[in-house]
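The letters A, B, C, D, E and F name the chains in turn, as written, and every chain counts its residues from 1.
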Amino acid sequence: MSEKPEHFIIDGKRLDGRRRDELRPIKIELSPLDRADGSCYLEWGRNKVVAAVYGPRELHPRHRQNMTGAVVQCRYNMASFSVDERIRPGPSRRSVEISKVIRQAFEHVVFTKFFPKTAIDIYIEVLRADAGTRTAGINAASLALADAGIPMRGLVSACAVGKVDGEIVLDLMKEEDNFGDADVPVAMTSDNRITLLQMDGRMTTEEFYKALELAKTGCTTVYELQRQALVEKYDNEYQAEGGLDE
Amino acid sequence: MSSGDNTVMAEVQRDHLFNLVLKGERADGRAFDEFREITIETDAIDTADGSAMVTLGDTKLLVGIKVQPGEPFSDTPDKGVIIVNIELIPLASPDYEAGPPREGAIEIARVVDRGIRESKSIDLTKLCITEGEKVWIIFVDIHVLNNGGNIVDAASMGAIAALLNTTIPAARHDLGEDTPLPVRDIPLAVTTIEFGGEMMLDPSLDEEKIASTSLIVATNTDGSISGMQKLGAEPLMIDQVMRVIGMAQTAASDIRKKFLEV
Amino acid sequence: MSEKPEHFIIDGKRLDGRRRDELRPIKIELSPLDRADGSCYLEWGRNKVVAAVYGPRELHPRHRQNMTGAVVQCRYNMASFSVDERIRPGPSRRSVEISKVIRQAFEHVVFTKFFPKTAIDIYIEVLRADAGTRTAGINAASLALADAGIPMRGLVSACAVGKVDGEIVLDLMKEEDNFGDADVPVAMTSDNRITLLQMDGRMTTEEFYKALELAKTGCTTVYELQRQALVEKYDNEYQAEGGLDE
Amino acid sequence: MSSGDNTVMAEVQRDHLFNLVLKGERADGRAFDEFREITIETDAIDTADGSAMVTLGDTKLLVGIKVQPGEPFSDTPDKGVIIVNIELIPLASPDYEAGPPREGAIEIARVVDRGIRESKSIDLTKLCITEGEKVWIIFVDIHVLNNGGNIVDAASMGAIAALLNTTIPAARHDLGEDTPLPVRDIPLAVTTIEFGGEMMLDPSLDEEKIASTSLIVATNTDGSISGMQKLGAEPLMIDQVMRVIGMAQTAASDIRKKFLEV
Amino acid sequence: MSEKPEHFIIDGKRLDGRRRDELRPIKIELSPLDRADGSCYLEWGRNKVVAAVYGPRELHPRHRQNMTGAVVQCRYNMASFSVDERIRPGPSRRSVEISKVIRQAFEHVVFTKFFPKTAIDIYIEVLRADAGTRTAGINAASLALADAGIPMRGLVSACAVGKVDGEIVLDLMKEEDNFGDADVPVAMTSDNRITLLQMDGRMTTEEFYKALELAKTGCTTVYELQRQALVEKYDNEYQAEGGLDE
Amino acid sequence: MSSGDNTVMAEVQRDHLFNLVLKGERADGRAFDEFREITIETDAIDTADGSAMVTLGDTKLLVGIKVQPGEPFSDTPDKGVIIVNIELIPLASPDYEAGPPREGAIEIARVVDRGIRESKSIDLTKLCITEGEKVWIIFVDIHVLNNGGNIVDAASMGAIAALLNTTIPAARHDLGEDTPLPVRDIPLAVTTIEFGGEMMLDPSLDEEKIASTSLIVATNTDGSISGMQKLGAEPLMIDQVMRVIGMAQTAASDIRKKFLEV
């Protein structure tokens, strides 16, 4: 466990050299897993997460089925070695809550009505955690859903905003998350409809408004990266299948 | 009953409430920003180190605090620990089942917990007995007796009321004299639901069931925000969120003045 | 934890001033909870218990249904803060046993045959415990069943008897229960049919007979209080509905 | 099989046994106050610190005692601990299932436990090693091998027989010399069922299934009572209870003399 | 816990006086339990195990049923007092694994096809453990299956072989198991088809071959004892039923 | 999908693979003793004290090692502890379910565990910090990401690769300087399936499903055997077992040289 730094922002630069409104580097790999119907591996700073989607598929036990649409299910899990102190395998209160809010982040965008009685299962595994695993997981899951061909209104993009040294900053790194003043994870669609919103810490109303606006620009950047990853994949497949000749 | 959620009756009720909203009304005649009747009775249970019985309309719950010496977390060796637990016991609703807490109960407990913790209402460093070895553990157990809707707000009121009423039982553990638990702020979580394009505070059970989405906002005495949680599938726009924050601040301030700053 | 007192009875008076055959004060409130089909809040000395009844209602899973009558189920639970030392939430071996004997205390009086395939659920929550929570719970549950309109042969009334300082006394308080020589919880119908009987401690046959006879008078007193509470409630409802004009 | 409980066969059997009772008879020819054949073999298992194999008619069970140093309960710092556990393993009956102990097993274990504890048969203060820190923990594990009815009485006999046979393994734990466990009394639980208005001891499996109610009475060498538990829905009158107590005392006295006071 | 002995074999004799290829004494009692459909009590050295078989019988829940044959299930369990250090009741990772390999030791020999949708349940209880409880359990279960009248290709016989002091020996006793170099439990049919094979420790290929050959002779000896027990039982029953006059 | 195991499609696939075997072929063109492509990337996760990402054909898994001080077992007070755990998380296969590890996962973990432990690859006495009080506990957590068949062999490679890559984090716990974990041998478990009378290494998912039986053999650098486990109902003859041992030794030796002895 590191110590609280004296300052988080020095000469306009954060501890890892980023500007206040700058995201950590993001790397996306689509379809790394072939058993799942869709999957995505995503690195975000030092976070490493993988998401897989199965479905629509039969839902058991039957009494959990919904006659009028698919049931979206989500399991967010951290590998026992993904953090400094080993985590006991199995669900924790934290992971149960995060699984729930992630599920609800997608219920609006998935066209569940097309698939009554089925389940759409989203699995997120955190292999290496830095701050922001839930938002990293959402971004990966969003792409895994697309990769699985699940019909959606659009992608969901997520990032956190927070407050350190009295300033609103984008995409908290671990020290900022642990010792900062506030953390606000946000997920939204490309037309800025918020599907996940949580808040930890303490902020004034004005600060909070600034934070949401900053989250909007962060999510827009993430959305562009997600879109680009999908375009590249389909370009590659198109060419692999013979391009115009097909 | 819960199996009836998708039935014709549910449809009819939904339509009825929707039509009321169009007219700016609620089924029980309240204004959109009006709470149901609140009572908070502290010192309800003398085996607890602090307690509060809360009624919020038909909702009834009991919060009991137990303070015990125990080990600190390894990453905060000089701080006491708060553990918030909620029991949605089957006595309180035909929809609750016996067994370990489910998703919903865990979420409520964690939201109430963060509201208290993040507001820094309790100075956890004052709960250290011997650094790295022994600190005071504060168990906040929320026992729901009747679910009439909006458990979160009732639990939030009950938790802080009970904490304000809590004594650290140092004498019982040969650790000096009993002292009141030092509470520095009065955080309150307020739930707003969205339905038919309107925002409403303090949802009744029926309103809760048909809400498209809801947003819980915890605010402090100085109006600052110390917690937020969006529930439900429908999305919210930034301006809606800001409007809800304003409603929550006003309502929390009223409740705080009427019931908690005595 | 208090110390064992030197004497439990001094000049014919017990530690709280009661006579040997005297009950602690009882306070009854009917229908405090509106979600349940019937409910009752009861104080007995420093005990505070609440009972709720749901049913007859559908019983899941189906293989637990009884084709020829309702299944009575009971869950007795102590709030974690109801005693000096915090109780971990969830069932204990003690609460499982007590739930079972309470359930059996009611199986005789409930007309289960009227409601095949259903469940009648009795929930008892101990909010503040002194000695005698199971008998307090039974008395509350009996009224909650009546409040729920469940057809019954009659009310069940309960109290404990015990032995302290070599004497048989009615309705043990906490010190008498912890440090006394014997504790006998009894539940019976108004015609003295015993539906619950347990015993802890050590007694001769003669003492035990005296104890049962004393329990009988105790249960009769309790029954009168229960009956009175029901009469008052129906009187009030009758007047609220317009009395004779209705 | 258990699903057959409500069937025609169950009805027929019930009628048959009822007709026998009217004639003062039982299916296996016993008198109403007569036990089936009993055998108690102690020292059955040499890895245990005490043990007893009991057969009671077709019922067969094995009781093993393990004595280990451990922490006392915080409210009795100077007393040893007895923990009685019963395993109704699926090997013993088509009706038992694997898994954690259910209501029935917990009740039996607790009744046997109270019979021993409340009789003060074991002087728990003699099991204190260091007050508040270390005491002897006595695990009484009852392993049912064949359920032929009346598990409680067999378990009660087995538990006290095994305790009488127990050595405190002090040497193994570098805590002095081994000594026999000090047992001061021989409590025995006896089950009586009510059926067709008659009271019968030691129910067989079939009798147990059709009994309206049953009463377990634990008595001691001096005839005093140290435990009681009513099971089943049918009520009992005070005079019936007193009659059962007499039957239990006589039966316990016989068993004690024949099998346990050697 | 005893100390590791300096030598396991002195003058060609093992610690308990046996030769390298000698089994510990085996005692078999058929049908000791009357509730089960078949049962067997078996002592092997200081091991005491009892096995019971129920079935073919209905299998719940239904989704576990196999339309084309019986499902063989096995539960191996050690009594809490069967070893020096008390075992917590309930399944352990070890007992789950052993239950599985024992089940598979029988799946080949039981004619499961005759009994679609049913379960054949094998329960093994270790009352007193020395080394070799799983093989003792298999031998008892094999006889319990026969006693239950389950149609089988033949009996399964089991024993362990191992390595101590650099030599291959039959049927490890406790010290040899705890401190020896290797342990190889084997189960086979009377025509030497191996249905269970596990190995712990370290051996060369040559040693392992020798071990398997020794296991074969051990299993053959066990088979003869099993067969003899069954013959005796049926002889006795035949005579009890009146012999030739029947 | 798993419900399709007994269907016509499964029959057809079985027949197809069987016909291939008769011609000495496998569906993916491999020889019977040929492994699929292997990659092992160590140091994959910097929060772990050692780690390895393994791909074996379509199978993908991640092994993370955590080394922590803790109490030794009472019967080995001077030895460190290895705990192998495998998580068959539902992300990795449509057939896996959330929940505590089942029979299959427990068996794999125990087989991999024994392979490492029995080979004496890790000198556990070197992991003792204070005898009887504190030793290093090595948690080997195997996280399966994609089940493409033959999890055991991939897990075995990953476990030893991660152990070879592990540092004992003594400095973090104020217990001296960090040192590499001392690994003395490179045990490898190799799975052989029997199908249509033939023995095949490294089964794909389809082959695994139709195998009659399989035998896992763990061997060491010197060719000695340190673990074996037969799975599946079909029996094996002694000569088959010996043949499998030879195949496993050769394959393990190849993999060891190519990927692990660097």
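What we mean here is this: contacts are C-beta pairs under 8 Å (C-beta built on N, C-alpha and C of every residue); 3 or more make two chains touch, one makes a residue touch a chain.
Not measured: the values here are computed from a predicted model.
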item: Shared chain contacts [chain B and chain F, defined touch]; value: A
item: Length of the shortest touching-chain route, chain D through to chain F; value: 2
item: Selected pair, out of D-E, C-D or A-F, that shares over half of its residue contact pairs with A-B; value: C-D
item: Chain E-chain F separation of Cα centroids, rounded to whole Å; value: 27
item: Length of the line joining the C-alpha centres of chain A and chain D, rounded to whole Å; value: 59
item: For chain B paired with chain C, centre-to-centre distance based on mean C-alpha positions, whole Å; value: 32
item: Multi-partner residues of chain D (at least 2 other chains); value: none
item: Residue numbers of chain C (touch at least two other chains); value: none
item: Chain contact graph, described as a line, ring, star, complete graph or other shape; value: ring
item: Chain order, ring traversed from chain B with chain C following; value: B, C, D, E, F, A
item: Chain C partner contacts - residues on chain B that touch it in the complex; value: 1, 45-48, 51, 58, 60, 62, 64-66, 68, 85, 87, 89-94, 98, 100, 139, 141, 143, 145-148
item: Complex contact set, residues of chain E against chain D; value: 32-36, 46, 48, 50-52, 54, 57, 75, 77, 79-84, 86, 89-91, 121, 123-125, 127-129
item: Residue ranges of chain C touching chain D (in the complex, touch as defined); value: 1, 66-68, 85, 93-94, 96-97, 99-101, 104, 107-108, 182, 184, 188-189, 192-205, 208-209, 212-213, 216
item: In the complex with chain E, residue positions of chain F that touch it; value: 6, 74-75, 103, 106-107, 109-110, 114, 118-120, 215, 220, 223-238, 241-242, 245-246, 249
